[in-house]
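Each structure below is given as structure tokens.
Note that subunit A is present in both complexes that follow, paired respectively with subunit B and with subunit C.
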Partner chain A sequence: MDLDPRAAWAGLTRAERGVVGFVAALAALLVFGLLTGGLAPTYFLYLLGLVGMYVLLSFGLNAQWGYTGLINFSVAAFFGLGAYGTALLTADSSPIAGGFNPLVGLVVGLALAAVVAVVIGVPTLRLRADYLAIASLGLAEVVRLIVLNQREWTNGSAGLRGLPGFFEGWPVLATFPEAMPGLRIAVPFGATILLETPFWQALLNVGLVGVFVGASYLLLGRVHRSPWGRVLRTIRADEDLAEALGKDTYAFKMQSFVLGSVIMALAGVFYAHLNLFVSPGDFEPINTFYVWIAVILGGSGSNRGAMFGGFVVIAIREGTRFLNGAGFVPLDVAPLRLLVIGLLIVAVMRFRPQGVLPPQRELIWPGALGDADDAGTPRSAERGDPRE
Partner chain B sequence: MTRVSDGDGGTERAGGSAAGDPVLRVEGLHKAFGGLVATDDASFAVERGTITGLIGPNGAGKSTLFNLISGFYDPDDGRVWVDGTDVTGAAPHDVAAHGLIRTFQTPRKLEGMTVREAMLVGPQDQPGESFLSLFTSPTAVADGERANLAAAERILEEFEIGHLADQPATDLSGGQTKLVELARAMLAEPELLLLDEPVAGVNPTLANELAAQIRRLNDAGTTFLVIEHDMGFLMSLADPVVVLDQGSVLMEGPPEAVRSDERVVDAYLGGGA
Partner chain C sequence: MPVLEYLANGLVFSSIIVLASIGLSLVYSIADFANFAHGDTMTVGAYAALATFGVVGGLGVSVLGLPLGFFVALAVGVVTAAVVAAATHKLVYESLDTDSIGLLITSIGVAFVYRALVQIRFGSDFTGFGIQVLRPIEALVPYGVRVTQHDVAIVVSAALLVGGLHLLLQHTDLGRKMRATADNPDLARVSGIRTARVKLWTWLIGAGLAGAGGVFLGLYNQLSPRMGFNILLVVFAAVILGGIGSVYGAMLGGFLIGMINQLTPLLSDVGIPIGIEYANAVAFVIMVAVLLVRPNGIAGEAAT
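So, the complex of A and B:
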């Protein structure tokens, strides 16, 4: 947008400055960790991959809850469907049809999630919002139990191992990690940093999730700031009103539900090829609630918020591991992470119920505002600090 | 307000059978909730170009009738025609597609939207409401959006609330919300507009403003069916007036005739007078 950093800073709302400050501080901490050898570069990249995965999950839920007000408690199920969808087609140990290219797995994983979303949506989306919430709560368990018990299809509790990396069979990228030379970087004060094959592998994964996140962000941004996104917002605020104004709310809710579920499945596909192993444990309902927290914390309806929320949830989830190692804390901290997250959500609800980065722009197709070159910017300031 | 009504003032018309050009025709509508009969064989018609009033004591079934007509309730029996098309049992958005737009008794606020955005929900069949079109024909979407933005701006100006466009839709007063609702409904270019208590909770100045707007839009060709408890407002605006009592049509006629009709007085005073 603006190249002058000072002007860009001045144009931010207070919340945005806070977020920038927070991210900068955390980044500084991470760089410090990397340089002193406290944080292994490969593990750091693995964490980044997890962040990307959570951001995708948050995007998916945001497209359902944030845009349309659909209450989906089966985030973990759609995530798992994506993961199993690709795993069943690509893994060596797949009891169905292993050995396909991961791209086929990607398509099948997403299609599987879309089909299940339609199946669950047909009976529930015509009813009031509560029914989808109830049905999705059940769906998560049903999917988990099917995967656990239908051994002849899914390997049951043993899970599926032997998944290929996502880029297996690609021209250059498949051999990229092996082809890269091992690097040895000597840091003046700290340890020597080794960058070898696993590092390049992890870097490739981060690149992949970056592409997934970037593509989803662009797609969601485009569809949200449009008449389509406006109808979803209307449904969220008042479904009867949307109907009275001639909008087929059932069709819109279905589209929003399928879109969100497919993005969740995309996160699952990434996870399967990151971890190279999937098991019924990936359907843990706790993940659903982490994602809910990310979306509410970030600001329902805002993709930037979902991004930030996903980032914070991982920071807390993984950061507490490090506190454990630090000698100055007398308690075992890791089990407290749920408490921390709980307190955080109470604090957000109490002091900033709209979330940290609530949506700011009017949902008007940018192309129609052509003459005001970057549309929405003059207005975003007004909306930035809403009714407080 | 001195609208010319056809024929002698006091005569009742059997619903639907009258000659003319009805935008809305309702015949024998019946709806019961458990043992409570809310609408009992209601029949009437709304002629094109009129402002038809719908009055009745509390519990007469006015809002139920609105919900039946606009598709929010399915009738147990009877039929509804909008612009000659049978829409009985159709979903509300289908009824709206046939040109019948309604407003609600309690103003519906669009949380998280500006007035401009809330207005832009009004236009029907926007190209950008199709998910695919956003990718396959972005220029059509942009053209549609530009036209709708211009129309929204123009209508807000006509309603003299252009200055509200940037306001959050939730920050308006009750009266302003009603004005925005009416303005938005006009963006849908309805054949018939159903207003459910347009001036309930609105201060007298704004109520006059609303009345003037309704008259202006009516002159421009929109037909209205209005439920209202404020008799002064309705009697000066509507002609004819349909009186509903215990779920069925008690009488229909010009306001003067309704006002002086004994059955109407009885209905309102519970038969004691």
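So, the complex of A and C:
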């Protein structure tokens, strides 16, 4: 891999250049907002944390839909289970058992999601693809109704308050935000920026989600290239073929379903300790479709695409809020957002069903890529979509 | 136990579900995908009727406690839903080069667009037709059944529509072509049936019935932009229970799911702690159970 920027730019596909341009423009806009004081640094970090959360959710869905072709419409349910799993154990107002260390909450949240994934998977994963879509949406609704109505377990519609931050009880990190000095940064042509305890807290959260995202990315990239990942891709392309090759497709589908669900729950755990409040609203089906748009826009099966999709979803959520707040559009935020999401889904399926960044080099072992470069093979030759 | 009352309510609710599930099943069999925009097509029909009713209002004499203007509004709702769905078919679905899963995902986008437009135009609050709520029919109260003339109107109208569809399917040229296309599109095509035209008619009829279901749902409960999406899964449960692609199965499935939905209070009456807040959950669990045991539903054909 060379580090010459001009050569690196030339090595990108047109879509990749577009994405790089989009991300650069967005970053420039945000930096401009930060410098002029229009965007508080703490809020910026909060948004970054939400991006990380959507990236995690998209990774989870990618492991199910992108790798194996499972249409899971219960993303919100697993996200909510992760959030409630940790909230019920750590929150002050928990009706079951509050006050545990968030690490216990993390483990319980993930375990809860894994168990529910098996329970939902057993009846649904043998079904035809479109039945799985309907059944998983229905079962997600059942989970939502249970959380909403079993008040003695979940506090019902009031939700759970008083969650600790994720690092509560850790040696150094628990007191890191208070221990850091408050900074004043005077920007030459803008407002003075204050960096105080909430900023350091937010920075810590971003670091946490960064670790989650990085670990999931490495793990998923590794398993996707492994023999196990190859079976999943075969199932997606032709399930009968995988069966004919002697693979127990039901078992592989179940493993992929549980893996994806646990990653979604990880996003839920992060969200619970970011927001310090969870409610049944987190189970709303619209959250599922936010993640879907991130994955199909980014490119099903591509984790780079999922990251891009996570950014776009936050850009839509915050962009509609901004347009509305600035009075450009005389509409409510909710329907406007719904309209944008709906049009985007239709447009992607119409004009670019494979997504903006379909999986390419991530399917090739890095070693093999290096050999090919050494042999002087033109790089464009490797860039065809291996699924075609 | 007010079983009779539950049964009466079940009959009214079933009528709405039957109208919706027939349309969904027709489209499922001919266009070959699970149309997630079907619920929001109902919403479109309901709100088109609401807007019309605001204009024509209490026009003319009243039939079964409903002014004649309501039936004009109903017709407008049906036509609007049908035209909107057929236009979507022409503009969106037909231009896609994708499989049934891609169409399914697209239909979710379409559903969001419908709902967003309704919400932008009419707001997100609950609303109603503003027709005076009637007292229960006196003659039935001694039996513990409290139904209004409006409920009777819903059941009678649904029965007329379903009967009309039956006649259409069995005794007209278009009906035979529709059944042939649903059964085997390629064979229908080589037999000289213009399947594209039949498809368009299927969309018109299916969405029209959904529009009628939406109007009645608004009369039975209330209108809100989420009304269609909220009932969509119940309708899917009915279609799957009946067997996808079978119109008569959808009628039966709609009837059963509507009844089960309204009979849920019986569970707590006999001591099972499942309250009415779980009425929809019960329907979904039944749906999954049916998929497991008999994936082709009650009236479904042999495995495909």
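Convention: the second predicted complex is superposed on the first by the 349 of 388 C-alpha atoms of A that agree within 3 Å, B and C clash if a C-alpha of one lies under 4 Å from a C-alpha of the other, contacts with A are read in each partner's own complex, and residues count from 1 in each chain.
In the analysis below, a residue touches a chain if its C-beta (ideal position, glycine included) is under 8 Å from a C-beta of that chain, and two chains touch if they have at least 3 such contacts.
In this text the structure is predicted, and so the values were computed from the model without any measurement.
In the superposition on chain A, contact of A:359 is made with subunit B only, not with subunit C. Contacts of A:215 after superposition: neither subunit B nor subunit C is touched.
By the document's definition of touching, of the two partners only subunit B reaches A:255; subunit C does not. Shared-chain residue A:7: touches no atom of subunit B or subunit C.
Touch criterion met: A:131 reaches subunit C, while subunit B stays clear of it. By the touch criterion defined above, A:25 reaches neither subunit B nor subunit C.
By the touch criterion stated above, A:238 is placed in contact with subunit B alone, subunit C being left untouched.
Residues 70-72, 91-93, 96-97, 101-104, 108-114, 116-117, 120-122, 124, 126-131, 134-135, 138-139, 141-146, 148-149, 166, 168, 170-171, 184-185, 188 of subunit B touch subunit A in their complex.
The residues of subunit A lying in touch with subunit C in their complex are 71, 123-124, 126-131, 133-135, 137-139, 141-142, 145-146, 148-149, 285, 289, 292, 296, 331-332, 334-336, 338-339, 341-346, 349-350, 353. Across the complex, subunit A meets subunit B through its residues 222-223, 226-228, 230-231, 233-234, 236-238, 240-249, 255, 259, 301, 358-359, 362-365, 367-370, 379, 382-383, 386-387.
The part of subunit C that touches subunit A in the complex is made up of residues 33-34, 92, 95-98, 100-102, 104-106, 108-117, 119-120, 124, 225, 229, 233, 236-237, 240, 275, 277-278, 280-281, 284-285, 287-289, 291-292, 295.
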